[in-house]
Each structure stands twice: as structure tokens, then as C-alpha cells.
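Pasting the structures in now, so scroll down.
Presented sequentially are two complexes of subunit A, the first with subunit B as partner and the second with subunit C.
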Partner chain A sequence: MLTVKNLSFSYSKKPFITCMNFHVERGEIFGFLGPSGAGKTTLQKILTGLITTYDGSVKLDGIECKEHDNHFYENIGVDFEYSTMYEKLTARQNLEFFSSLYAKQTVKIDEILADIGLQNDADKKVSDYSKGMKSRLNFLKALLHDPNILFLDEPTSGLDPANSQLMKDMILQQKAKGKTIFLTTHNMADATELCDRVAFIVNGGIKALDSPHNLIMRKGAAKVLYTYYDKHERLGECLLSQISEDNVLANLMKENRILSIHSSEPTLNDIFIEVTGRTLQ
Partner chain B sequence: MRIIKLILGDIHFQFKYGFYFIYILFSALYVFLLFIFPETWREKAVSIMIYSDPAAMGLFFMGAIVLLEKSQRVLNALAVSPVKAIEYVIAKTISLMLISVLVSLVLAFVAGLRNIPEVLLATALTSMIFTLLGLIAATKINSLNQYIIMTAPLELICFIPPAIYLFVPSVIMQWYPLNGSMALISNSSRNPLRDITMLLIVIICLFMIAQRATMKMWKSLGGVKL
Partner chain C sequence: MKAVYSCFSQMIQQLKQDAMLIMIVFVPLLAGTFFRFVIPFIEKLITGYFGIDAILAPYYELVDLFLIILTPSMFNYVAAMVILEEADDHMISYLAVTPLGKTGYLLSRLGATGLISFPASIFVSALFHLSNANVLMLTGIALAGTVQGVIIALLIVTLSTNKVEGMAVGKITTLFTVGVFAPYFITGKMQYILSILPSYWMSRAIQSSDYLALLISILLAGLWITLLSKKFIKKIAC
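This part shows the complex of A and B:
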């Protein structure tokens, strides 16, 4: 679906993205993770044809991105990291207008508004929307023409947990329909939940690329952390796989002296800090 | 048809932002002025009004429209839609032309002009020239101040010669396309076919420039200086 070969690009004379290579399959949810300013949005702008001055090759569904014609956009939906709506028109008027620009108009506007929980605000002006409402509306705009490829730039940022879940469910529904989805997020839990594979972007380069599961596994085994009282509060730690060998813990259990205990699997958060932290040094 | 949707979208947008309201206000003001002018001035006055209306409005409104679209980032949404630059240009031009023609019809009717079809045609063509000039200027700027500075000379070039020509119709001056427009409106054209052709040629050239300018504006949305 997407093949990036030797991609290089910079806004200025200073090199930024240099010689990037990766490949994304049809039907995948592919995540771009990385610190602020790493180049995630820039990469999306290249993939969506908004930046055409790159070197190397970026082929989306067989089309070289910088050589696209206007038909290219019938097949991709873009959710920008900011609102792109006419502020004085209502949500419904905006969606109706943008929908009318596409050849395919099969998506029912009322249905998707209800799916994301905006059915009661559909006739409010966008300028009267809250931040989270605007992000949800912008997400809907990307779905209007039922495109095969979706680009979502921080779709869940600024959403409360319930709405964030609604949106993630809709993203997974799109995947179930066979769509290919590109997603950036700063929320590692979302990335783990949604993405088949993620790429960690740091300073314009890919520092790691794999499924969240594999990345987490590579980081190492789960640990058990416990606290107990021995003159003052103390912290104990052992590997989950070797828990029976920890005599301190065994004794504490026998004597019912454990104050707290929990196991901790490494998360994508740890990977993030490791991958991005190392380059900050 | 996408182009029809775009035109309707633009009209809707202009209506919501009160552009129609302003046009109605100005028309009312013009009509009022027409009635207080002495009979002998009326014909020249109405010509100037009909000519200046799309000039002042079209040029100025186009800047406001494009700036609003820029600030609300609607242009980003359009740039990743199947809309072609030329469709965008056509929709903007036609939507403003419709208002201009409407206003001019009211003025021509109130003033009792007899060459109404010619007036309307001239208004339509002139309005296109002004909105296209406005659009070309608007693609290059980011604030209303910049826009006013950039269009002030345009207003002079577009406005002074036809105004002079209305009172002193010298032979050389008739080759200035916008003077042809003034001549058509004031029913004093020596050669309507030539005047219309001149205006059409200018419009075609401006369309091509406006299309390029729009493409460039869309391409620079990615943040790369071209």
C-alpha cells in the first residue's frame, strides 16, 4: 500500500528527514510515534501530497505522492491536527459541503454524527464547538467519502476517555472494513491498543519499527514490585518468572506483612523513553 | 457537478459572513444617491456606480474571503480534496459575479437605463476581472493590511482611467480594456464587439494566472517556501 524508499526532505538547508525507508501493507493500522517536532506531521504531509519537494520515492497505492493528480484525493481521507472547518457554518453544513466535493457520497452524515456522539450538536456552528467536539468533527470529515486510506494526525488528543473510546472503536471499524490507516499519537496506550505496527520517529529518522507487542517483548520481562515495613517502608523487586525464588517475598507473604504488591509489564511508554531518551543525550 | 457545489458553497459562505447584507446596504445607498443627484448628472453617476461597485467590492471581498479561508485552514481541507485549482478560481469568480450583476441590475433599473443587457454583460466581465485580480493578490498575502497595500495600486490602475474616459473619451484611451467596460456601461461604446473581446482576452489571461497562483498557494500549505 505504501512504499517509502530513500526519502529525504527538509524545510530548510539543514538536513531533516534523511534516507528513510519503510513499507506498509494494505489493511494495517500504522502508527507514527515520537517526540514533538520529530517530523510526524511532516511525514503525513509528504504522504498526503501537501509537500512535493522531497527526494526519493514515496508510493501510495502505486502513485508517487509528489506526482498525484486531483483524483488521488478521492481515495484518501485526512484528519489534520487542527480544525479545517468553516467556523460560521454548522457541523452538518460543513460535512454536507465537503461531502459534495467527492464522487463517492455513500456515507450517511447523520449516522456518522451519531456514531461519534455529535447528533445533538449537528446544527450548532463550528465556532461554538469545544475543542474535543472540533476534533471529533474533523475526524468525521476524513471519513465522508469512504476512502481506502486514512491519515489521522493525533485524532484522540483533547478527548475525554469516553469519547476517545468512541473514536477508537470507529477507527477499528474502519480497519475491519479493510482500510489502511496512518495514525500519529502521543498516547502510548492508544498506540498499543490500535496499531498493528508503529514507527518511532526521532529527529526525522525512524529509530524503531515493529508491532507494539514485539517492541514490548524485546524490552524484557515483567517485574513484580512490592513494599513492606521493616523499620521503615521498603521496596522489593523481582522478576515475575522467578517469583518463587524470592525468599523475602515468600516470608512476607507467610507473615501477611506485604503493604502493596503489583506486577508491571514494560509498556510502549518505556520503549518511547528508551528510544527517544537515548538520542537526547 | 463539483463546480456547482463549489459555487453554492461559496454563495452560502458569503451569505453567512454578511457579504450579501453589505451589498444590499450599498445598493440602497447608491439608489438613494441617485435620487438626490440632479437629473443631468444621473446618467454619468450611475455609470460610475455600476462600474465601481464590482471594483471596490469584488477586489476587497476576495481578499477577505481568501484570508478567512486561510485563517480557518479550510484551504488545507480543499487542498486534500479532489477540487482542482481552476474549479476553485471559477467558483470564487462566479459567486461574486452573481452578486455584482444583481446589484447592477437594480441600479440600471432604478436609473431607467435602456441598455440593460449590455450593462449586465459589462458588469459580469468587469466583476470577473476584479475578483481575479483580487484572488491573485490574496494568494500572496497573510493579513488584511498586506492586502490593502497590495491592492491599492490595483484600484488606482483599474479605476482612474475609466473614470477619466467617461468624461473625456479620447481615441487612444479606448484601447484600454477597462475603458471598454466603462463605455459599454455608459452606452457610449464605439465598437461593442471589440470592447467585449478585449475584456474576454484579459479575463482568460487572468484566469490562467489565478490558477497558477492558487496552485502555488495550495502547494505552500505544506510549509515549504516555493
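This part shows the complex of A and C:
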């Protein structure tokens, strides 16, 4: 679906994206993770054909992104982090307008609004919508023309847990329909939950690329942390895979002296910091 | 073209909700009324007072020229404000990733505005013209003025990042029409300093019924539009 070969790009004389290579399969959810200014947005602009002055090759669904015509967008849906709706218009008016930009048959607005629970607010001005409603509507806008490829930029940013879960469910529904989804996010938990594979992007380059599970397993193993009393409270730890070899723990269990015990798996965030030496901001 | 038409219709819907911008569209009618009735009245007063045949009358072509330029300038100023509002709301970035595309967006905002402002400019000129310039020349000037109006809109949207800046830049872009004075008030080769401005050639055209100057004005304006459009499209991408 997407093949990136030797991609380089610069806004000035200083290189910004340097020699990037990766491939994304049809039907995958592929995550771009990285701190602000790492090059995620620039990469998304290249993939969506907004920036065409790059070197190398970026082929999306067989089309070189810098040579696309406007038909290219008939199969691409983009959901920006911020709302891109006409605030003075109602949700229905907005969706009718955006539908009219596509040559292909678009989905029925009432049906799609009902799918995300906004059917009773269809004739309300977007300016009167809550942030969660705007996010859902924005996402819906990207689906109007039933695209095969979706670009989602921070889709759960600023949402409460309920709306965030709703959004993630909607994304997984699209994956179930066989769509290829590119997800740009700061949220490692979302990436772990949603993405088939993720790329860590730092300073315009890919520092690691694999499934969240493989990245976690490759870089670290689960640990067991326990506390016990011996004159004062002490902390012990061992690898989960070597728990039977920890004699201190075995004795403590035998003597019922354990105060607390926790297993701790590394998170994608831990792996990101380990690989890149940076935290997400 | 379906997407361009849809987007243009959308702009009209937006304008219906903005009384201030609609008022601006009527400025040429107010200015035309003033030019057509007040200037000849003043001419009559001052020629009578000084006992001279004509004082302002030799510049009636210049007044006509201003009026013709004013109509597309106002229409395009309104379009520029809509563009800046949409830039503020990130709408342009979104529309650029739909089948409308970046060029389609510009066409829907400035191309379509040009198509309306051209006949509007002829209409205003036909109603309020003062000089005896022939209809063909006035129509040609209206065309050149329309193209220049697009330049003004592009200057505003390229040089500013929001509506407030756009209003300030809008005032500065009036300097783009300063070329109309050169053939009338600057003698010798010094006047060519302003020859990079299409308005200079428009003024030359109406002053001497020079159709070649009119053609140069339109071609020069086309060059300005090409350069500024590229700059604006680059701005959308970044």
C-alpha cells in the first residue's frame, strides 16, 4: 500500500528528513510516534501529497505522491488533530459541502451521523458542539467518500476516556473493513492498543519499526517487584522469567513476610525512551 | 470543476453571514456615484471661479481608471478576507487534501471572484464613466483591472497570516495602483520606474488609446499572478 524509499526532505539547507525507508501493508494500522518537531507532521504532509518537493520515492497505492492529480484524494481520508469544520454551519451542512467535493458516490449523511450518535444534533451549528462531538464529526468527515486509506492525526487528543474509547472503537471498525490507517500520535497507550506496527521517529529519521509487542519484548522483560520488612521496609526485584531462582522471594513467601508484590511489564513509552533517549512532549 | 463550483458556492454562503464583507462589495457603487456626480459639479465650480475651461476634466480618464480598478479590487479584497479566515481555521489545509486540491481552492476563491468582478467592473464603468474613452478600451481596462484585482488578493493572502494582518496589508496593496499616476504626472523616462506595475500600463493604455500597453498590462499581471500563486501554494503546504 505504501512504499517509502530513500525519502529525504528539507525546509531549508539543513536536512530535516533523511533517507527514510519503510513499507506498509494494505489493511494495517501503522503508527508514527515521536516528539514534537520530529518530522511526523512533515511526513504526513508528504504522504498526503501536500509537500511535493522531496527526494526519493513515496508510492501510495501505486501512485508517486509528488506526481499525483486531484483524483488521488478520492481514496484518501484525512482527519487533522484540530477541527476543520465551518463553525457557523450545521453538521449536516458541513457534511453536505464536503461530500460535494468528491466525484465518487458518498455515504448517506443521516446514516453515518446515526452510526456515531450525532443524528439528533445534525442541524446544530458546529460551534455549539462539544470537543468530543467535534472530534467524532471530524473523523466522520474523513469517511464520507469511503476512502481506502485514512490518515489520522492525534485522533484521541483532548478527549475524555469515554469519547477516547469511542474514537478507538471507530478506528478499529474501519480497520475491520480492510482500510489502511496511518496514525500519528503522542499517546503510547493508544498506539499499543491500536497499531499493528509503529515507527519511532526522531530528528527526521526512523529509530525503530516493529509491532508494539515485538518492540516491548525485544527490549525488555517483565519484572517482579516486591517489598518486605527486615528491620525496615526493603524492596526486591527479579525478572518474571527467573522468579523460581530468587531465593529471597521464595523464603519470604514461605514465611509470609511479603508486604506487597507487583509484576511490571515495560511499556512502549519505556521502549521509546530507551531507543531514542528522548521523552514524548 | 464540480468541486471548484461547490467551493465557490460555499464562499457565497459564508459571505451571506458577514454583513461587513457584503458592504465592501457595494463600495464601487458609492464611489461611482461620487465620481459621476460630485466631480463634474466641483469642476463646474472651480472652472467658473478661476475662469479656466478645464481643470479636472483632462484627468477624467484617470478617474474612470480608478473606478474600474476599484471594483475588482474590492471584490478580491473580500475573497482575500475569506481565504485568511479559512487559513485561520485550518480549512485550506483540509480542502487541499480533497479532490479540490490547492489550485482548485485558489480557482474557487480568486478565479470565480474574477469571473464576477469583470462584468461588475464593466457595469460600474458603464454607469458612472466620465471620460470619452471608447467601450472597447474600457472593457479592456476592466479585464486588466480584474487581473490586477487577483494580484491584490494574492498579495494580501501571501504576505499575511491572519485577518488583522490582512487588513493592514490590504491598505499597503493600494500602492500597487500608484502606477496609474506615472504617465500623467511623471515626465520623461523616470516614469518607467513604475513600469513593473500593471497599473502603469493600464494608465498608458487609457491615456493614449494604446492597446499594446493594455496587452503588456495583462501579460505583466499574469506574471505577477503566477509568481504569487506559487508562493501561496507553497505557503499552504508548509
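As a convention for this text, the second predicted complex is superposed on the first by the 262 of 281 C-alpha atoms of A that agree within 3 Å, B and C clash if a C-alpha of one lies under 4 Å from a C-alpha of the other, contacts with A are read in each partner's own complex, and residues count from 1 in each chain.
Here is the rule we go by: a contact is a pair of C-beta atoms (placed from the backbone, for glycine too) under 8 Å apart; a residue touches a chain by one contact, two chains touch by 3 or more.
Here the structure is a predicted model, which is why all the values come from computation and not from measurement.
Asks: So if we stack both complexes on subunit A, do subunit B and subunit C clash, or do they fit?
Replies: They clash: once the shared chain is superposed, the two partners overlap in space.
Asks: When the two structures are overlaid on chain A, which partner does A:Y229 contact: first (subunit B), second (subunit C), both, or neither?
Replies: A:Y229 sits against neither subunit B nor subunit C.
Asks: Looking at A:T84, would you say it contacts subunit B, subunit C, both, or neither? Reply first, second, both or neither.
Replies: both
Asks: Going by the contact rule set out at the top, does A:F98 touch subunit B (first), subunit C (second), both, or neither?
Replies: Both partners, subunit B and subunit C.
Asks: Let me test your reading of the model: by the given contact rule, A:Y11 touches which partner, first (subunit B), second (subunit C), both or neither?
Replies: Both partners, subunit B and subunit C.
Asks: Between subunit B (first) and subunit C (second), which does A:L50 come into contact with in this model arrangement: first, second, both, or neither?
Replies: both
Asks: What residues on subunit A does subunit C touch that subunit B touches too?
Replies: In the superposed arrangement, which is not itself an observed complex, subunit A uses residues 11, 45, 48-52, 70-71, 73-74, 76, 78, 80, 82-84, 86-89, 97-98, 100-103 for both subunit B and subunit C.
Asks: Contact residues on subunit A for subunit B in the complex?
Replies: So the residues of subunit A touching subunit B come out as 11, 45, 48-53, 70-71, 73-74, 76, 78, 80, 82-89, 93, 97-98, 100-103, 141.
Asks: What residues of subunit C sit close enough to touch subunit A in their complex?
Replies: Interface residues on subunit C, with respect to subunit A: 2-3, 6-7, 10, 13-14, 17, 89-91, 93-101, 104, 236-238.
Asks: In the complex, go through subunit A and note every residue touching subunit C.
Replies: Within the complex, subunit A touches subunit C at residues 11, 45, 48-52, 70-71, 73-74, 76, 78, 80, 82-84, 86-89, 97-98, 100-103.
Asks: Inside the complex, what are the residues of subunit B that reach subunit A?
Replies: Residues 2, 5-6, 9, 12-13, 16-17, 72-74, 76-84, 219, 221-224, 226.
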